[in-house]
Amino acid sequence: MLAEYLPILIFLTLGVGLSFVLLFVGLLLGPHKPDDAKNSPYECGFDEFGNSRMRFDVRYYLVAILFIIFDLEIAFMFPWAIVLDSIGTQGFVAMAIFLVLLTVGFAYEWKKGALEWD
Amino acid sequence: MNFELIIFYFYALVATLSALAVILVKNPVHSALNLILCFFSVAAIWILLEAEFLGLVLILVYVGAVMVLFLFVLMMLNLNIKELKEGFVQHLPLAILSAGIMLVQTILLFFNIKIKTMPEISSNITNSKQLGTLLYSEYLLQFEIAGVILLVAIIAAIGLTIRKKPKENKYQNPAEQVKSHKKDRLKIVKMKTEDYDG
Amino acid sequence: MIEFIMTIWGWFYPEIQTILIIVFKIIIIVLPLMLAVAYLTFAERKIIGFMQMRIGPNRVGPRGWLQPIADTVKLMLKEIIFPAQSNKFLFILAPVLSLTPALAAWAVIPFSDTMILSDIDAGLLYILALTSLGVYGVLIAGWASNSKYAYLGAMRAAAQIISYEIAMGFALVGVLMASGSLNLGDIVDAQSGGLFHWFFIPLFPLFFIYFIAGVAETNRAPFDMAEGESEIVAGFHVEYSGMAFALFFLAEYANMILISALTSVMFLGGWQSPIAGFGDSIFWFFTKTSLFLLLFLWFRATFPRYRYDQIMRLGWKVFLPITIAWLFILGLAIYFKLPPWFA
């Protein structure tokens, strides 16, 4: 099994390497003439005002939290989906209950307006 | 030296160093990125132990989801490090206490754990299938409990973040807009023309 | 000459030989991929041009065929600008984090029944894990730039990418239920028997949702809110120039090709021909992938951009319920062994 992961390790290493080489080529071939106006953050030609790292709507956090939960459910469903033919009725019912729980949570989200964006 | 061993020591070293960096670097965003590197190296070590499913799920769930939330929060809150450091001495006893409790727990766990090896089904059944077969036959109750915990997590997350009533948003439903008719909105009133003195 | 090379080859340790062979295979995958990306940009401009009654680029080389080369050279010679007060290390790391997963995911793609770099058992999980890393490039780029537009674009893009990843994940569960394996080669084998055994028929809603979610994942039109040039100029990569920008560009197009390839592997039988046993080969894989790539370009030429609340509504309130409902239906169909697919 591990022999199959060796190409992946090499591929990841080469991917990172290639990206850095490309960036290095860009830095090497391109000019480097910094000046204040060029380096200032783009703001349609105005001088920038205020901190650029402002606070965000709480909905973004909520989306990230809900994403974790649903991602976990998917992680649970993966091993289930590939052993369907060997776990019988018991396995089917177990996943049906799990999915119903998930659907209840989802309905609650919807009802509470957690999915509304304005 | 064995090739696998070299890779193991490499990732073990990266995992340890990045874990140290998590608590030592000043910028919280850098800390989070080091934590990602740490998770990644641990996943590589799990894969070296032939637990490929768990290793990949570690990347999928922790690196791909949990750390995204961490970064979201760290980036959006725009923490001021100086402010955070102000209460350091004041909170130190509490921090030492909780760290001590965790250390004792880990030590107890380490000496009392009865390691139950996964039953060898057969080498031509894949790791993920072995896990699936076990999880959905022997550990069904635990699986359903996990489902309930996730449900609680959904409700808690919504309870913590949604404070205002959903009616207040500005969203317009196009289907409702299309269905509206003139007669619902427009009222034509007959009025007497006013007399005016010419 | 050949003898000479073989002698030198013999000097290496067997371990080094294995690694060199793998590196060679990776180059065989990556080089054509880069070329495909270059000519995909050209195809995009030409095809959208014709759809809008224009000619598209036609100045560099015969009929404009050297345009991508000229673009590459131009990007290489441009300055990489580091914005003031940006976090330089993260600023340069972000494009790397964006491109690496887009490339490394190709390790497990089966091009034909024998052509696959690494035939791991948990192939699909590996793909899902790697695509979930793509969000970091966007997030870090937006934050490190220290620019309002980049930051806004990054937050929007990140929330959008993770929302559509859910729908994508559930669609993949359907594929797994139908095929019974996480290995991509096995998934293609499970669809053998011609056109009517391909998964896009029994899994039609999931097929549809997977591809649309893929379009949203790659931040392509009509879901290119993250770029939104009319309001936040270019979104998360507004401060990037030269080669640093080129890496984001490469990653976006490599991801487009990846999504197309995955859709054809999982729903259209990969390398299999529409008529059972009639010339299964890599040719079919490329044909199907190109078909989906054309759809990507066609979408961009046709649809106006979605509004942000509409994007989130589509992902959470339309796609998610449909996928969950279809998983229930699929579970029943498999349980009762519905012919002809699950008999």
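Here are some notes:
By written order: A, B and C. Residues from 1 in each chain.
Assume contacts are C-beta pairs under 8 Å (C-beta built on N, C-alpha and C of every residue); 3 or more make two chains touch, one makes a residue touch a chain.
Please read all numbers here as calculations on a predicted model, not as lab measurements.
When the interfaces B-C and A-C are ranked by C-beta pairs in contact, the top one is A-C. Remark: the per-chain Cα centre closest to the mean position of all protein Cα atoms belongs to A.
Each chain gets one centre point, the mean of its Cα atoms, and the points for chain A and chain B are 11 Å apart.
Remark: chain B and chain C have CA centroids separated by 24 Å (rounded to whole angstrom). Chain A and chain C have CA centres that are 14 Å apart.
Residue positions 1, 5, 53-54, 56, 60, 64, 67, 71, 78, 82-83, 95, 102, 106, 116-118 of chain A are each in touch with at least two other chains. Touching of two or more other chains is recorded for residues 120-121, 125-126, 128, 132, 143, 155, 162, 165, 182, 309 of chain C. Annotation for chain B: residues touching 2 or more other chains are 52-53, 57, 60, 64-65, 68, 72, 75-76, 127-128, 171. Against chain B, the residues of chain A that register as touching in their complex are 1-2, 5, 9, 51, 53-56, 58-62, 64-69, 71-73, 75-76, 78-80, 82-83, 86-87, 90-91, 94-95, 97-98, 101-102, 104-106, 108-109, 112-114, 116-118.
Contact residues on chain B toward chain C in their complex (touch as defined above): 3, 29, 33, 36, 52-53, 56-57, 59-60, 63-65, 68, 71-72, 75-76, 126-128, 171.
Per the touch definition, chain B reaches chain A in the complex via residues 4, 7, 44, 47-48, 50, 52-53, 57, 60-61, 64-66, 68-69, 72-73, 75-78, 127-129, 131-133, 135-137, 140, 143-144, 146-148, 150-151, 153-155, 157-158, 161-162, 165-166, 169-171.
On chain C, the positions that touch chain A within their shared complex are 18-19, 22-23, 25-26, 30, 75-85, 92, 95-96, 99-101, 103-104, 106-108, 117-121, 124-126, 128, 132, 143, 145-151, 155, 159, 162-163, 165-166, 169-170, 172-173, 176-177, 180-182, 233, 238-239, 242-244, 246-247, 308-309, 312-313, 316-317, 320-321, 324, 327-328, 331, 334-335. Residues of chain C that touch chain B in their complex: 15, 90, 120-122, 125-126, 128-130, 132-133, 135-136, 139-140, 143, 155, 158, 162, 165, 182-183, 309.
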